[in-house]
Amino acid sequence: MLETRSLSKSFGPIQVTRNVSLKLEKGERRVILGPNGAGKTTLFNQLVGELTPDSGTIHLDGADVTALRVADRARRGLSRSYQKNTLFDGLTIAENLGLATAVALGKGQRLWSDPLQSAEVRETVREVAAMVDLAPHLDARVDSVSYGIRRQLEVGIALATRPKVILMDEPTSGVGPEMSKGFHRLLKALPRDLTILIIEHDMDLAFDVADTITVLNYGEVVFDGLPEAARGSSLLRDIYLGAWENA
Amino acid sequence: MTTDLGFWVLQTLNALQLSMLLFLLSVGLTVIFGLMHFVNLAHGSLYAFGAYIAATLSGTLGYWGGFLLAPVAVAALGAGLYFSLIRSQRRAGPMAQVLVTFGLIFVAVDATRLVWGDLPIGIAMPAILDGQIALLGVDYPLYRLFIIALGLAILAVLTLVLTRTQVGAMIRAGVDNDQMAACLGINVERMFFLVFVVGCALAGLAGAVAAPVLSVTPDMGLQILIPTLIVIVIGGLGSLRGAVAGSLIFGFVQTFGAVLLPTFSAVLIYALLAAVLVTRPEGLLPAKG
Amino acid sequence: MFTHTPLRLATLALLAAASLTYALAAGFFGLEILAEIAILAILVIALDLVAGFGGMVSLCHGALMGVGAYAFTVAANDAGLTALPAMILAVALSTALAFAIGAVCARSTGIYFIMATLAFGQMAYSFVFQSPLFGGDDGLSGAPRPDMTALGIDLSDSRTFAIYALLLVALAYAIATATLRSGLGRSLVCLHHNEKRLRALGLTVWRAKATAFAISGALAGVAGCLAAQHTQYVSPGLLSWTVSGEALVVVILGGLGTLIGPILGAILFVILKHEISSITPYWHAIVGLILIAVVMSRAQGVFGFIEARMAARKPQAQIKKVKADA
């Protein structure tokens, strides 16, 4: 469903992505781990199209999308949530989800009638809100809700486009341990035909949610496989310098 | 005609002259923006003041009196503007800056009309530069060569200052990251003031220099503002090289366009602007590439 | 998202009533002023649409209006079209030009955008000024008013013309609010703050911006046609940067992003202009000083100020809401 072949990217003399080849099957849940600066977000930026790789290709649902722009890839079913909340602050949560849905349905440029009032959009908003536990907060304005709820919305917006593949960049970043557990539940309850790629630092989430784990270090893939295999690997322990003690 | 070497020499010199004039204006504006993130739309008005003051002073002190004192006067005016308006609006965001300096343009135009009237005023060329010189097969006005030489000299001085002196290094650091520069102990406020005043002085100098060849009218500020803005948008905000590149591109496209493609010449530079905006919106050689 | 709060509805009703009453009661000079206000009102509605809601501050709207005015005059005089088809053509032209400018400048933001629009506005001005087709500095005269005698309406009568102008203002306002409520309008408002996300959701950002700018250009074109019909004479001055600047001043003065504020601003501005111009020829300096004062005081314009004061009187509702979500 989502594949990269020998993806590489440098910023001057610094190579941030080295020959990264990944393959995700439909419905797979993969977590990307790696220390800060390993190039995880840069990889995401290339997958989404915000950054152009120096070499290598990206394939979405069998098609080569390397040359496609951000909006084009989005319309083909690629969605992303950001590490830093990138929400539509002046609107309510329902409006945020509604706008995302409307844009994905191609109604973002319509000149007549408000797409957020359409039955189709409202139905989708209800469904997505249920997926991310936002149903009780739909009419609240974004700037009036807590950080945790905003984080849920961050993922919600990405889901509202009904993507085939969703990339989540540290979805539980800044969220307390209780909310984090809630997120695990949320992620595991997502539709099984959705392919999910998550960047995370939270080991618990990685082992709880992931079908497979990829570890990046200095821009290259140093491990790619099942969570159980990762657990016993000394290479990973070295990279994280003891962060694995409780895993 | 186009095979005549003389034609090419003449047009090249004309293009260079226009480029140098625009350079004097754009370099101040672009470095001020790069450093202070402040766009002073009234920059053209400062140029106009320079021209008017030079014209007025030349009556009693001769051309060179005006030439030397106009930049000083405009620098003083700039200092006044800095303390009254610019400093407070610096952090107010681009829209506020645009509006405030746009308002200044309105005020400046009427102020010049009030003091000097609506009709163009004249300024006599200095006797020593009044005449032509034979150069590469053409007779070219000495004064226009002077403009080119002056522009090149200022470019040399600025390049030297920015690359070889400590002040220059501090300015470049400030352009890169003014908060970090302040943390390093650089007196950023004083630097901003200095750069702003020097930028104003250059604008005034450009006005004084342009006065004998262009007409001195209340509208001249805006007439030159648009080309200056096009120069810095094409060249890239914040860098000396950008100002040079933009000025040369504008000067040559405008000059050669006017003689080779007269019907399109008016829109040619705008087509170029459009092309740059679509392909490289930050300009060709911005300070932060 | 543009909603009609009670305050806005009340203000609109007041404006409609007042302007209609004035139109029926005023003498010749008053009607001329009313028409002038209407023309400016349409232009500033157009500008506020993109500048106040979309964050695309433009200094070329005077030029767009001028393009409409000239296109109308040339179409009616030289191409022999009657007024209505000429208007359609003129508006189509200003729309197309606005779309082009919006598309070209779509990747520019903030100050770059403003400078670029200023440059393109000046391009239009130079083009019109230098072209022999448009009469240069002398301008063109003879633009006709629409012939509505079939409906029993005579637009050569000042009073009828003023009411016609007011109706066009209402139309412009309706189009602007409809746009803001549409999918495009929602995208436009969010583009201002979060372009990246919208792009990542699949929106073709440049086209959304260009389309919004085009609609704004259409309204500016309508203002231009009305201007041409009013004085039945056009000159290059219509496209000058001063007109664009004044439009921006009016929007700021009235209240950026309120749509109604600029209309109030237009009324204030035209009246002020006539009063001050009769005292001094240095009206532009006053405009400049007003602009500087408004910006430096960080006020949100007349209407923006009123709305803020009214909102400040309702803190209880907001506190309750926050508590409910905690």
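When the chains are written out, they are named A, B and C in that same order, and each has its own residue count from 1.
What we mean here is this: contacts are C-beta pairs under 8 Å (C-beta built on N, C-alpha and C of every residue); 3 or more make two chains touch, one makes a residue touch a chain.
Since this is a predicted model, take the numbers as computed values, not measurements.
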Chain ID, smallest distance between chain and overall C-alpha centroids: C
Most distant chain from chain A, judged by the mean position of its C-alpha atoms: B
Chain A and chain B: spacing of chain centres that average the CA atoms, whole Å: 49
Distance between the centres, which are taken as Cα means, of chain C and chain B, whole angstrom: 33
Inter-centroid spacing, chain C versus chain A (mean Cα positions, whole Å): 42
Parts of chain B lying in touch with chain C, wherever the complex brings them together: 33, 39, 85, 88-89, 92, 94-100, 102-111, 113-114, 222, 226, 229-230, 233, 237, 266-267, 270, 273-274, 277-278, 281
Residues on chain C engaged by chain A in the complex (per definition of touch): 1, 178-179, 181-184, 186-187, 189-190, 193-194, 196-205, 207-208, 211, 215, 318, 321-322, 324-326
Interface residues, chain A side, partner chain C - complex: 48, 50, 70-71, 74-75, 79-80, 82, 86-91, 95, 99-100, 102-104, 106-116, 137, 140-141, 144-146, 149, 157, 161
Footprint of chain B on chain C - complex, ascending: 57, 59, 104-105, 107-108, 110-112, 114-116, 118-120, 122-123, 126-127, 130, 241-242, 245, 248-249, 252, 281-285, 287-292, 295-296, 298
